[in-house]
Structure formats: structure tokens, C-alpha cells
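Following are the structures in question.
Two complexes, one shared chain (chain A), two partners (chain B, chain C).
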Partner chain A sequence: MKTMINRRDLLKQGAGAAMLAGTGLSFPGILRAADTVKVGLSIPVTGLQAILGETLMNCYKLAADELNAANGIAGRKVELIVEDNQTTTKGAVDKARKLIGQDKVDVVMGTIISLERSATLSVTSRAKKLFFYPTNFEGGECDRYFVATGPIPMQQVDPMAPWIVESLGKTVYIMGSDYAWPRKMTEAITAALEKAGGKVVGADFYPFGTQDFGPAFQKIKDSKPDIVWSMVVGNDAVTQLKQYRSFDMRQPLIAPLDEVFNKDALPPGVAAGTYAPQPYWMSIDSPANKAFIDGFRQRFGQDKMVNGIGEAGYNGLHLYALAAEKAGSFEDAKVLAALPSVEFDAPQGKVRIDGSNNHCVVNSFVGKAKDDGVGYEVVKSFGAIEPVTPYCKL
Partner chain B sequence: MSNRTWFVTFATGILLLALLPNVVDGYMLGVMRDALIFGLFAASLDFFWGRTGILCFGHACFFGLGGYVMAIVSMMPDLAQQTLFGLVAAVAASALLAAVIGYFMFFGGVRGSYFTIVTLALAVIAQQVAVSWSDVTGGDTGLLGVPPLAFGALDLSGDIASYAAVAVILVVCLLGLRLVSVGPWGKVLTAIGDNEMRAAALGYNAAQRLTLTFTLSAAIAGLAGALYVAMAGLVAPDLIGLLLSTEVVVWVAIGGRGTLIGPVVGAVLVQRAQQEISSYNPSLWPLIIGCIFVLIVFLLPDGILSIAQRLRGVLPGRTR
Partner chain C sequence: MDLAVTTLLNALTLISILALVGLGLTISFGLMNVTNLAHGEFVTVGAFTVYFVQSHGGSFWLGLVAAPVVGAAVGLLLEGIILRRLYERPVGAILATWGVSLILQQGIELTFGLGAKPVVPPLDGVIDLGVSAYPVYRLILIAIALLTLAGVVLLVARTRFGLDIRTVIQNRDMAEAVGINTRRTYAVAFGFGAAVAGLAGALISPLATVLPQMGVNYLANAFFVVIVGGAGSVFGLIAGSTFVGGLTSILNYQISPSLAQALVLLSAIVIVRFRPHGLVSIGGRA
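Moving on, here comes the complex of A and B:
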């Protein structure tokens, strides 16, 4: 029932945004370009990532509202143009082209999983258009016009490994969905743990749609690691976590969950006690975070959750606004030049873009899920972590 | 569809394609170009499904394989004529895969819904392979930076040039497929589709014919995939998967099965509608599109192209 209401709210907002875009069309092009700054959003509103997509879209709306309530960006009103990329390559290519070719947006933001990102990037890099990507990802991208505001594996793993060895144990067993991010994370974890005096004792990757994790848990019981680090994602994470409980696994579990996923996708309480590395948690105690959460809930519902992806999207729009104001221009190259010199007081703490690779200097926290299995308490804060990318030197 | 009606429709289509660059901007031309590539893909499915009545539910396997091969070959460093080799390799790879699969299935007596189910599984497997075999396929990120079409000094990357290239390829392929399907080969296929045992009793090697037809259909799907990848500049795992396989079936059904032109019209209309309606309302559009599909299936069970025939039937003074 609750999801019905949420969905209806979402529809209303969607219709509102569509009408807004519709009225905008009646102005002559030049006047419109002078009055507003157009931010094109490529969001998975439908398809696999719809749950996370809704939160991300709302975070952009919040950031745009905040900017518009003040002075917009350098006096121009922020206009969001929301497009549904359907969580597909074709959808993301089409929508990126439409945003750039038809709507003539000043910047493209959004997308969650890798194929949305690479499809969007293939369009934005050919068009030399700025593209802000909010999600934590496997790294490996290096494009002048690509800005990542979420963490790459080393930013999450490097600071966390010594803490794991110190407070949880030395041996780690890794379970991951079979795709790039868990594999790159595993490389980072193996290297970081070795440095810290720990060890990865096993790593298994499961195809999407795995129904039975029983044999995997049996294997883990036999090899008796101190910790299980899971990077099983999406629906498979739901299956895996339920079975983790029913198999009575005793090891502490590190799982790539957050408040939004726990609340909307998991049965209550299943996530309780699991650890996760994230650049943002709702429980971070700061005025910026309080304002962020209050603003979000006022607009989208008091029971709503936010997560690191949404927060990174919110930060991205604010960073863009600061850079455009500083540059005094909305030209891609000028905004890009100003971007490393601005800093945003984000809900997670201060963030900025490292000009050598256009990745974000993000904060890093270990969260532990509370007994309700939704919220997290911050058990360890590592402060701001620089993105180190040997493969990318811009 | 009678031969005359088909050629009138075909000529009208060519005329529209030729006029289009004069009336739309570069962006819209690019959109139409991509839609036509998917139209070619839909026509390739229709060539097999429409004639034989056997539905392949994993046709994106061949589209995607063509795409991956195109990406891998045309991104090889130090290769002259990247586009040419890429296209040839893409078509060959898709044809080979279809020949192998077709051989085992058709000579093994797999027909009807069993064939459909096996090909459906094939699409799922293909997508999983594309995601997991990341050294070659780039995993879930796919392969970025596929160069646009170019034959030696002939650069086809511009809006109009790439559109024209796709339109010409589409027209040639449609004409070829049409000639094959109305010729003796197509008649035998229809016979096999109607009653395979009787066709076999008349001396036709049904399994062989089906395998070859399937191979040709897959080769064209592979060509479409290779073209799309060159236009989009990347290939990613969902271009080989189940969702696209389903979409192409819808395009063919909406456009009109067995007409070859219908699926192209269906692909273009459905994609344009999808893009416009999803921009108008990013969250409600699947519902709207779904309702339109249901309406079309009820009102025009033979597809959109049957409107023309119905009109002819209604007009006074004409008999069919």
C-alpha cells in the first residue's frame, strides 16, 4: 500500500516536471537559454534500478529547489529535464542524445549502473558535454568531460582494510555478483588487506539470478573465515541475505546495502548488524546533513530514506553550480576549469573534485546496520579520501 | 500482401526516406537512423518468423553478437579498413552461430514452441556470457569508443552520410529479402510452415531449408547490430539479451508479420512513440505504451500495415 502512494506521488511530480518542460517550450529559444540553466537528468525511472533511480531523481530535485530558492546559478533558474533511460543501453543512448541534441542542456547528470554510464558517456564524450556521474563504481573511466562524484573501490577499501583487520578479523571470504564492480572491488580488497596483514581466503562470483546460495555458505563454513564480504547486488542480495540468516552464519557480514535498499527491497530486520563502507550515511551528525534530510523529507515524505548515490547526485549539482558561478560561464570547458577550485559543504562533509582525474574527494565511513535493519550507525569515520587513479591522468 | 501493393508501399517508403533529410534537423535524423537500424533488425526476424511461422525469441543474440564482433574488430589497432572488416566479421559470426544452432535444432527435430523456448534461453545465456567474460566483452560496462563508419577515405560519420548509408543498406536488404521470400525459396518455406511433413514428402529437405533461412536471418540481424554499435559508439550486454529480443518481437507483431516492411514501420513507430511518450511522462509511459499495444492487437491484428489494405477494401469502386 505504501509503495502505491509513493508511486502516485512520483507520478504527480513526473507530470509536473513534464508540464514545466512543456510550458518552457513556448518561449523563444534564445530567451530561454538566457534565463535558465538546463540540467539534463538521465535516470532509471523504470527497469532494474527503479528503486534507486527514484531517490536519485528526488535528490536532484532537492538540489535544484535549493538553488532556485536562492539565486539559481549565477542568477539563472535551474531547469531539470528528467528522462527515463529505462536502465538499458539503448534507452540511455537515446536519452543522452535527446538531452544534448534536442533540449540543448548545459550539463548531463545521473545514471546508476555501468551500462547506463558507458552508454551516456559514449554520447557525451563525442559531443564534448559535461557528464556528472553519482554512483560508486568500478573505476577505469578517464574522460575530460566525465566527472564522478561517487567513490571508486580504493576510496572505500583502502582506509577500511586496516580497520577490518584490527576490529573484525584477519581472514575475509568474498561473495560477489558476477560483474565488473565486485571483481574490481575484490582486486582492491585483496591488495589492501595484504598490506594491512589480513588475507582474502576465497572469492566466489555468482551469475545474476542465483537462487540458491546454500552450497556457497557450506563452502564458507568449511573454510572458516573471520568475515564474509558480500558484493551480491539487487534481487540476488535479497535472496542471499535471507539465506545467510537461515543458514545461521556467524561471521560478521559486510554487504553493499544502504538505507533506501534496506527499506524498499529487503524484508524487515534482515540487514541488522551488517557492515557497509559508504561515503554517506543518514546518521552523520552535521548541520548540512540535517538540512539535507529535512529538505528531502519535507518534499517527498517523512518516511523516505536517502542514500549515498542520491547524496552524490545532490553534491554533483551543487558542485556544478559553484563551478559555473566561479567561472562566470556555462561553457563546458570553463566550468570544468573552475571545478577543482570549488568546495561544497556536503551532507557527508566537505567534498571537492580532484582536477587530475575529475573524480571526487569523498569521505569514507563504516556503517553498521541497526536492529531495525534499515538505518545505520557510523562505527568508524576515515575522513576525506583522495581518489588515486594510476590509469588516469588528465 | 500482393506483389503490387508491396512494391507501391516500398516505393512510398523509399520516397519518404529520401525526403526526410530535407525536413528534419541533424538530431532527428540521427534518431530516425537508429530507428531504421532496429527496423532492419525487425525485418530480419520477420523474414524467418513470417515465412516459417517459427518464432525465434532470442534474436538479439545475433544482433548483439554482430555488435560485439564489430566493436572488437573495428577497435583493433593498426587495422586498415576497420569498418569493412568489422561488418564482414560481424555478419559472418552471427551467421555461423545461427548455422550451428540451427543445424542442431532443425536437424534434431526441434520445432514450434520448443524452438522458441530454446532460443529464449539462448538470449539469457548470451547476456550472461557478455557480462561475465569481461576480458573480451568489457563486462557490464561494455566496450566504449567504437569508431563510426568509414570506408577508406569515405567518411560516413556525419548526420546525413550515416543516415544515407543506413537507409541504402535497409532498402537493399528489404528488396533482397522480399525477392527471396516471394521466389521459389519462399514458397517452399511457406509450404514447410504450413505442413512440414507434406513438404518433406514432396522431396524438400526441410531441416536444411530452415537452417539456411535462419542463418540468413541471423546474418542480417548481425549486420544491424554492427551498424548500431558503430553509430552509438559502444556495445553493452543488454544489446544481446532478453529484453531486446522481446522488443523486436513486439515491433514485428505491431508492424505486421510476414510483410518485411511492416516490421520496419513497427520498429520506427514504436520507438518514436516510446521516446516521445517517455519524455512527456518519464514514469507513466510504460502504461500508456502498453495500452496502445493492446489496442493495436485488438483493432489491427494483422499489424499497422494492414490499415492500407483495409482502406482499399472500404473505398468504393475497388475490389481486391
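Moving on, here comes the complex of A and C:
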């Protein structure tokens, strides 16, 4: 008995994983699990979303460091297990299975584009394992164990439509990548603009890997909209934006960009003057945001940028920690039950989870890219927006 | 009028890119009977050359000149180290070039890091053509492509090297017997195709997304163009590029881009069904 306690003490002091491995056989599994809380991260470290993936991963590391510097979560250290889903369906499925089946994580977090999310959810849903998803997405998910910390279209589009009609113009032309998010967003934009007295005059969706947007700009010149709203994403956004500039298009452009993407993937200044709806901007002036950015840059480099997806990931881990502490348990169902009753003072402002659909009450801002084409100034703040999902009542 | 001119120029831009990328493929696929799956990487190499030169303070134009040189060097290495041993084993060549393609992609990613690289266009703005305004850079791209293709036609038709190439294609053994160094001819032809693909990559770089994986997008299109047009001839290449590029640009304006792509593919299948050797098939190569 005495030696047993000594060993545990050693472990708690972090005497090393080697010790754990060496003596692991003599411990019941439950004792080892009790020392840390395992957070499984499914991140697109490689593949199409690699740029955003790195930032997201670093935001989770920052949140874990902050928690561990205090008391961990309810006294347990946070241990991150990072897996690269390669921005593929197969990768996301395999890595979710590995995290749940082999690593026995307490919660799964991460993924960026829709295919990663659907694939991960297909595993977590069946395993009844909590899955925190940080990216703004098309909505339509309704699963007891799925928690979204980013916005759905109505949280961004509904408040923004009247502002667009009032400050930018009435007619909008939409260009999007040909997949779920831009198409669902377009439905939301069409409905919201009509209500606000505006109109979508055209919408085109381009297959991934489109090399030439020339014909699109020709169509736009013909239909003379007041605004162009682009939802061409990822690497195609670079192509689209470069060509938009080269064709000398005059319309204000709403584009799905952020600070990280602008800095790492775009030629300098190309994004200048574009608008974007986001739940978070680096220029938000609050102590929480300052601490967030300072902490991030201290760890990962003074010139690094953060973005809305990363911030939502960071919020997700903190919300999980608060809920687990409140529940006094790491059981999925108990954490879930406590989740709607906690609130986190996030960099974007206060956030919480709506228990009726497990989506986040997020802030909604319109940003306008500054002349350097990297940072944004907040031109309009709509405050905190509740997620309303007629298709989902949990 | 405005519409017609813009559509024509959009089509010409696309045709130019397709023809330049396809040129090397029509040489290796059509003439040497090698299915080179690493051809797209020559485009990538060209684009990254421009990025490299620009990020070290050089101008775009310097990059544009350097790109075909680097492309040729990579092409000659690939030919000399690997393809040379596989001319008699076409299936082996497919596997080997696919492997090389992966190695080049990952090598570029390891060297330059993840994600898209910024390339700054040398010229901004549009030029007023009287009836419509069009980006200056695209006009330059079209001009360079036309000059390059004209040069290739002259090279094949009028020079000693062109004669050698044509002889080697018709009958390699006989060419060897009359004293043509067929090994060297193959190597030079392959390197030349790689150089033009590198040039295409450099020309595309200010318009497109410069990524280690960018070549893949162009590889499929290039095969498409070469097969529809008729492998092995420059005129077939031009016919194929005009068909694919022209139709894509016109349809893209009329209907949804995803549907347009499907329709172009469908019509290409129909063409290949009725003209198995492409729009311009060269005689004697049944």
C-alpha cells in the first residue's frame, strides 16, 4: 500500500511518462485516467486547410496552457492528443476512431470544413462522445453530443442584411465554392435580404480547383450589382481575389477571409477594403482579447495572427472546462447537462451554449480589412446573437 | 460587342494556359509514349520559381525567365535518372512518374512550408480596348503564349532538331541507323516540354493559387486537351485547347460552372468516341 502511494505521488509530480509506461501494468486503468483529462484534437495539420489548422491547434494549446497554469480542470491536468485528419473524410473518421477507441479521450474537439465535421460526427455520435466544433458552418446538425462554438448562417446573415442594404447597397451578387456552406448561406442571404428590402441578383457556385473566374466577372459586370458577396473558400479564394483585383471590379466585396488567411496566403494588400462577418476580430478592444492575443504571440511568435475559428476553439475548451468543473464529473452526459449554465468571458465577449440546440450564443461583427490587407477594423457590432434552429430542438 | 470581345479574351487566356501546359504532355505522351503523371509538377516548379525569385527581392520578369530553365532542369533530371530506363515499360513509367509527382509535391511542401504562396502580379489594372476593358496582365499572358507556340511550330517544321524529332517519332530504329542520337533527341524533347510547362506555371502564378499541389489541377486538363486534340501534334494541341478552353469559357458565362465542366467533359467523350485519335490525328499513327 505504501509503495502504491509513492508511485502515485511520483506520477503526479510529473516524474514522466516513462515511469507510467514502465509500471503501468500494476495500475488499474481508472487510476491513470484520473490523473489527466484527455482532449482529443482532430486538426487539418496537412491538406487544404493546413494554414487555418495550425492556428486552431495553437489556440487549443493556449487554452490548455492557461488551464494547466491554474488548476487544470477540477484538479486534473489537461492533456491534448493531436491527430492530423489531413482535411479528408477518411482521415477524420480514422482519427476520431483512434481518439475514442484507443486513446479513450474525454472529449473530441476540432475540424474545420464540413466534410471533416460530418466524418467526425459520424463516429462521435455513435460513440455518444462529446464533440466541440469551432468553425462557422451551414447549420443543419442536430445531435445530443455535438456542440458548435462558431456561428450558423442566421447568426451572421440575419443581423447583417439590414446593415448591408443601409450602408452598402440593395443588390447582391453571390460567388461561392460549390458545396454545402455557400449554398446554405445563399439561402439565408436571399431570405434575409428580401426581408430587409434588398435582393440577390445572381449566384454562381464554382467547383473546387477553379482556375479562371473571368467569365464570372463578366456576368457581374453585366448584372451591375451594388455588392459582390464571395464565399469562394480556401485556396480558391486566393485565385478569386487576385483575379477580382486584376479585373478592376468596383463593387464592395464581402469575402470569407480573416487575419490568418490574409497574412499567410494572400499577396500584400489584396484583401484591403473587403468586408467580412465574423464572431471575432483581433481588433476587438477588451482585456480578455488582449490577454488572448498576448498569450498566443508569446507562445507562437510575435508576428502571428489569430482568427475567429481559432478563438471559437479556444472558447470551446474553456467552456468545456467550466462545465466539467460545475458538473464535478467528466462523464459526457453530466458535462453536457452543466454546459448551458456556464458562461465564458471570451475574447469576442461573453459566450454561452444554448441548451435547446447546443449551439453557441456568439457575437456578430462586420469587419473591414485595413489598407495593409491583413487586419480588420470593426465597422459594425450587432452584439450577442442567439442561435435559432427551427430544425433542431434537443 | 463588349460581351463578345470579353468572352473571346477570356477564352484566349484559358486556351493559352491549356496549350502551354499541354505542350510537354503532347511530346511525352504523344511522341514518346510515356504517360508522365509528374507533368503537373513542372507547372508547380515554374510557379514556385517565380515565388522564390520574388521573395528574394527579384522581379516577376526575372522569375518568368528563370522558370523554364528550372523546369527544364527538373525535366532533364527526371528523364535521365528514371524515364530513360522505362521507355520499353510504359506501365512502369506511369507508376514511376506518379511516385516522382508525390515526391516533388512533398519536397516542395517541406522546402517552402504549407499553404498558398503569394505572388505579386507585375502589372495591375485594365486596359481600355475601345469596346471593353481587360486586365493588362492577361493580354501579356496571351501574347507570350502565342509567341511560344509559334516558336514551337517553327522549331519542329524548320530546324534540324525538328527534323530529328520527326524522324525519331516515325521510326526510332531507322533514325538510329541513319546516325541520329535518339537518346539525346528524347532527352532534349522531354526537357523542352518541361521548360514550356515551367513557363506556363510562371505565367499562371499571379492569377492562380501557388500551392505544392497546384499541378494536379493542370495535369488532368492537359491530358484532356491532348487526347481531344490528338496526341503528338502541335496543331492537335491547339485544336484541343481551343475546344476545351473556348467551350468552358462560353458555357461558364451561360450556365452554372459545375454543370459547364460536366458538359465539356461529356462533349469530349463524344468526340473521342467518333474521332478516337482526336480532332487532328496525324497520319500513320493508327
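Heads up, the rule we're going with is that the second predicted complex is superposed on the first by the 365 of 394 C-alpha atoms of A that agree within 3 Å, B and C clash if a C-alpha of one lies under 4 Å from a C-alpha of the other, contacts with A are read in each partner's own complex, and residues count from 1 in each chain.
We take it that contacts are C-beta pairs under 8 Å (C-beta built on N, C-alpha and C of every residue); 3 or more make two chains touch, one makes a residue touch a chain.
No experiment lies behind these values; they were computed from the predicted model shown.
S.K.: Between chain B (first) and chain C (second), which does A:D178 come into contact with in this model arrangement: first, second, both, or neither?
M.R.: After superposition on chain A, A:D178 lies in contact with both partners, chain B and chain C.
S.K.: Between chain B (first) and chain C (second), which does A:T46 come into contact with in this model arrangement: first, second, both, or neither?
M.R.: both
S.K.: Between chain B and chain C, which makes contact with more of the residues in chain A?
M.R.: Chain A has more residues touched by B than by the other partner.
S.K.: When the two structures are overlaid on chain A, which partner does A:T239 contact: first (chain B), second (chain C), both, or neither?
M.R.: The second partner, chain C, only.
S.K.: Give one of first, second, both or neither to describe whether A:R126 is in contact with chain B, with chain C, with both, or with none.
M.R.: The answer is first: A:R126 touches chain B but not chain C.
S.K.: Have a look at where A:T88 lands relative to chain B and chain C in the superposition and call it first, second, both or neither.
M.R.: The first partner, chain B, only.
S.K.: Once the shared chain is lined up, is A:A265 touching chain B (first), chain C (second), both, or neither of them?
M.R.: A:A265: touches chain C, not chain B.
S.K.: Quick check on the superposed pair: does A:I113 touch chain B, chain C, both, or neither? Answer first, second, both or neither.
M.R.: first
S.K.: One more residue to check, A:P207. First (chain B), second (chain C), both or neither?
M.R.: both
S.K.: So, does A:Y280 touch the first partner chain B, the second partner chain C, both, or neither?
M.R.: In the superposed model, A:Y280 contacts neither chain B nor chain C.
S.K.: Counting contacts the way the document defines them, which residues of chain A are shared by the two interfaces, the one with chain B and the one with chain C?
M.R.: The overlap between the chain B and chain C interfaces on chain A comprises residues 46, 178, 205, 207.
S.K.: Which residues of chain A touch chain B in the complex?
M.R.: 7, 10-11, 14-15, 17-18, 21-22, 43, 45-46, 82-84, 86, 88-90, 93-94, 97-98, 101-102, 113-115, 117-119, 121-123, 126, 138, 140, 178-181, 183, 205, 207-208
S.K.: Within their complex, state which residues of chain B touch chain A.
M.R.: Those residues of chain B that touch chain A are 26-28, 30-31, 34, 128, 131-132, 134, 139-142, 144-145, 232-239, 243-244, 275, 278-286.
S.K.: Once bound in the complex, which stretches of chain C touch chain A?
M.R.: Contacts found on chain C: 3, 6-7, 9-10, 13-14, 17, 114-121, 124-126, 133, 135, 137-138, 204, 206-209, 211, 217-218, 249, 252-253, 256-258, 261.
S.K.: Once bound in the complex, which stretches of chain A touch chain C?
M.R.: Interface residues on chain A, with respect to chain C: 46, 50-51, 54, 178, 204-207, 209-212, 214-216, 218-219, 221-222, 235-236, 238-239, 242-243, 245-248, 264-268.
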